[in-house]
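First the structure, then my questions, so here it is.
For reference, chains read A, B, C and D in written order, and residue numbers begin at 1 within each chain.
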């Protein structure tokens, strides 16, 4: 294995040096007071990253998928109805999970490349006068299509309808990288993982529960033990876990939150936006389109780039890996073969991004696409020069 | 935090240098062929450690508790009956999980300090002519009491009754440290984690499924997504995961299996036995008793040591941590305050163990127990000298 | 400190992941047999990298400068005459060292940008019929100017003159990156360090001594203790050092030699050449010149790039560091302010190099030079595409 | 290699986790301002550890031996006279270095096991009315014999004689572990290394120069380049080095100083004394004697333990390594085969020390010495219990 080049997959991200070291921890007794000195600040840090003052944060040795399951099984019962939009592979998977757990999913089919249709949600919620819908699901950032949805608008739809359904938001590829407002948006369960905005290895499913979601746990009947938030809360009250915690990753999470908050979330989001804009400038220079249908939907963490009809976009990813040792993301599901994805989240600099753009250019040229070498790089350079940050003095 | 002294908790264990480094891995693309080069040998390695030629090994970013849930939810349906013995905190927790998932548990109450009562199982199974019991649960090594149960005898009970129930074995604190024979014992699901015999940080739930258990998954109706073995198997067939894998830990697991198999499982088990015997010699020299009722039940991975009536055993653990910076385990559940536990599994040497024994002596003396300083150490030294291994030339 | 971007200084280089880990070693007893298992293969590995079958390799906890001092003090006496060319800062420093140690240096002043003038050496050696010259010094790769000298030609000059002087070669920034033939070139002392071709942190001065050089140590009268090769040889014979060795770095050196030899030295040199050619293509596209006067002098490890009259080349380096977090090298000595340097040695990929080229472009444009953004990148991309390697499957 | 057990050699010591991580640093540009942020606090930290407000601290990529050479070559000229006592292998080696550098050494032969004879120094200095003696050498802690000398008394001897000779002190195995007072004792050059009290890997020679020593450099004629303190000082003034610095080790040194100063030097020394007293209690319990002739000479960093006549003390060290994987130190020079050494400096706890004592007991018993198992451990336990520290809350 060669670890020399950065990765440009939409997570896990490149891991900063100090997070590598924070995770690489000798064994401590997870029942000793030392553990609380890691756990509690980590939870408090996540709460701040969520822009919440009250969310109950739970951290499972798991992944974002485990976070989805935590959201569902702790708050719902078999036969409950949930509302969800299918606009990409990850929203599709969450819907599938709902169905496998016996929930009744009202699926709003949505073109891949579009965001969650808040207007359609509004109609459905208004029509649901009997309040059969117990939870509304929204994927904040569809990692498969590079589409950011408007969660505030979904909240508005709920409020306009005076609907009491809970709002569950998949923020796996947005939280810590893009604006996320748990409290302001009235989110009831937010779900994320360690390996995206937090820049850590995969291995933690992270959720925030509102008071309303916590209340719902009391009547929820879906079976759960590993993902039970009450067991977890009871453990936390004793600075412990109901089972063996992933101490090193928690230590990393604590450190990661410190890094993000020290940089300032506004700066973190601006940095992601700047790097993403450079990528988008390159895409424009190449004469290609994003999968995301309009600029308001553009994701600052991943760009899914459409290749010309008849070209197999996946070949770019394979070629980049085999010839240049660089990892991009393939298209998934409906857009498999039609897009390739450049991840631009987490621990990344303008300079690193330029090498990713340069590699994509070489691959496309190698594979016969009509790409002028250096064109995307120049467009991104232009953008980065004009919008260059005072260099981050971030600790590492 | 000070990381100088070894830990003597019954897992997570001290982590060998090379496993620290194997886990501390930069991000790779988990959808690239590199990942398969980690995943497949890790699974094959676990299979060998299980002494199986056919078990399907699944590895979840989770813990042993997640492994328990994997066992139940993939093979059973709500209302199914399982047979289980309650002889310690961990068997108790697994029983509790069964109940929370709607299973009907036939609980055999067993004194803490005794093993799984195979004779009682035999009677119950023989009586269950209608084959209501779908699965028999057994905790191979009760970490709370330091008791090893006879799994071969449980198998025999099933065979004698001609009973088709599956045999699920919790090997969390035995597998990789003590003899475990998946195939010979006819185990249907074996459950373990990364942080015990594999000497890794916590974060992986590891299970082996027999063909019979795999067959049972087809009709099992308990809801599952994160822990679904079919999703996992489908992923593995493409050298992938259904979600983001914990690549570093998997790399560590692969390396750990290599270490165990290079040393030779017989040598690994003998080493654990030798170190454990030294601890037991010390306990004898102190005039104390083990929680385990008889030598055939003695665990080679953890000793639960009874302290005199009226003495709070937990104070030893607190004192050791506060005064000497050493971690032992407290008593749990029924034996809370009555025992303290010395873990002696994973990455440990005779020499390290002696410092644990010496520390326990100082603590007991500090707290007023009538312990002759050096007495336990001398007993262990005697044993270790007489049974000294050719020094391990293990790679690090 | 941010460690995200690669460095493009002419050493220390980026350190491969596995060398980081090889160096980061717990303490072992350096008087135990374990140490010999590191020391001996490390020395044998260096010998192979030198393309020698007989050179005595000595490794000091020091740097290349210490290696220079080792060469001089072990083989010469105060008042001895040496022949040396001054064609850059590093040859200048070695000459200065000679003078400070009381040697009589016959300095051949050479334009910075030119190589060691073998023809001039030939004349001087032919004229030295009394064989006053005891040693001929040559800097194989002048790191200050990016100039590679022809050591075979210097050897030829010695042979043509039938001159018995020893040949000392500074290979600090060439060995392990560019062709170096200790035996074929009749080198008597070769000097290098850990932080260039070996891709390790600084901290080792590494020398190879021919039999002739070893013979010279018997009569050499310059005082030496720390750098005494006889003490070192005596230590090595007992798998030990005359003082405390830098065990972790030696372990890293052993691993580094393994990496280089596994890749194959021809492949290593070809890789350096390819990456360097890409940089040179970029320099051409920018309309700039190298400090090195002609292609036969081009270094494959560092390019010193002349900037237009009146422009302060150092400002590029400062700007790159401050604005983009990227490290290039400044001009030194005579060429200070006139050149900036891009290091392209050690652990580097085409992809990483492109980010360095892109950064240099941005800096030059930011500072008002007439540079077309993307032009150098495109030229390098063209070269890399046409000359792409099968991707290195190097271990990490 | 197995890295499980602590080492008990008199340096390099066990390395704390956070120093491992501080040293394991990616490459930075050592000519960038970042480097100054490591260098200057490291130098200031060493000055504080020396208990000096004015010593010029120089740090060479080297070892303590290089520090000795730095002391001599920067301040003396060939033919100069120095006064030195030979009372162990390390004082012997420094004397040898003096002689090899053409100094005239007035050697005071001193029994091994005795300290520097300040009274004899006093006589010689008083008699040297012509002030031929330019420097007085003293080994603060003879690592070979475990003897601490009284440097204040040597100072007194100089003062009483009104003698202007400089005072050079080898504090390699004392500084950072035992009381050392550069200013109060009027030390002119103090020498140490990274791998003892600073708990780092070997690779740094560290010296402090008084104003008087700096003045002496102006007329000193011994040749020097690598170890030239003026080159070094000139570099430091620009936050740089005259050659490539060992950045990671310097970062570690900076962190190490922070650890020592945060703990408080008085606490650090008390900790070393406590651990050493435990070892000495064990030696007493075994009925053995220290090489150090009287308690005022006992070293708190290493104990050299005499074994009975006719017994080969070295066999203990070999046996410990081969059978138990534990490293002790052999006897050197005059006391080879007569003593074995237990190092107890740097990163060590009472608990770790007990495992070393227990191992020594087992080895001695295995080899036929009349040692009661557990006797030394019990004596040390007694001492540690009675003198137990509030547990160090040191960062790791």
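To be clear about the criterion, contacts are C-beta pairs under 8 Å (C-beta built on N, C-alpha and C of every residue); 3 or more make two chains touch, one makes a residue touch a chain.
Heads up on the chains, UniProt names are A, B, C, D = Serine--glyoxylate aminotransferase.
Model, not experiment: these values are computed from the prediction.
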| item | value |
| --- | --- |
| Greatest separation from subunit C - chain, by CA centre | B |
| Same-site or different-site touching of subunit C by its copy subunit D, using the half cut | same |
| For subunit C paired with subunit D, centre-to-centre distance based on mean C-alpha positions, whole Å | 34 |
| Euclidean distance of C-alpha centroids - subunit A vs subunit D, Å | 53 |
| Inter-centroid spacing, subunit C versus subunit A (mean Cα positions, whole Å) | 46 |
| Contacts with two or more other chains, residues of subunit C listed in rising order | 1, 3, 14, 17, 24, 26 |
| Category of the chain touch graph - line, ring, star, complete, other | complete |
| Residues of subunit B touching subunit C in the complex | 17, 21, 24, 26 |
| Complex contacts: residues of subunit D adjacent to subunit B | 1-5, 14, 16-17, 322-326, 347-352, 354-355, 358-359, 361-362, 365-366, 372-375, 377-378, 381-382, 384-385, 388, 391-396 |
| Touch list for subunit C against partner subunit D, complex | 1, 3, 7, 9, 11-15, 20, 23-34, 37, 61-66, 68-69, 73, 78, 96-97, 100-102, 193, 195, 201-203, 222-228, 242-249, 321, 327, 329-330 |
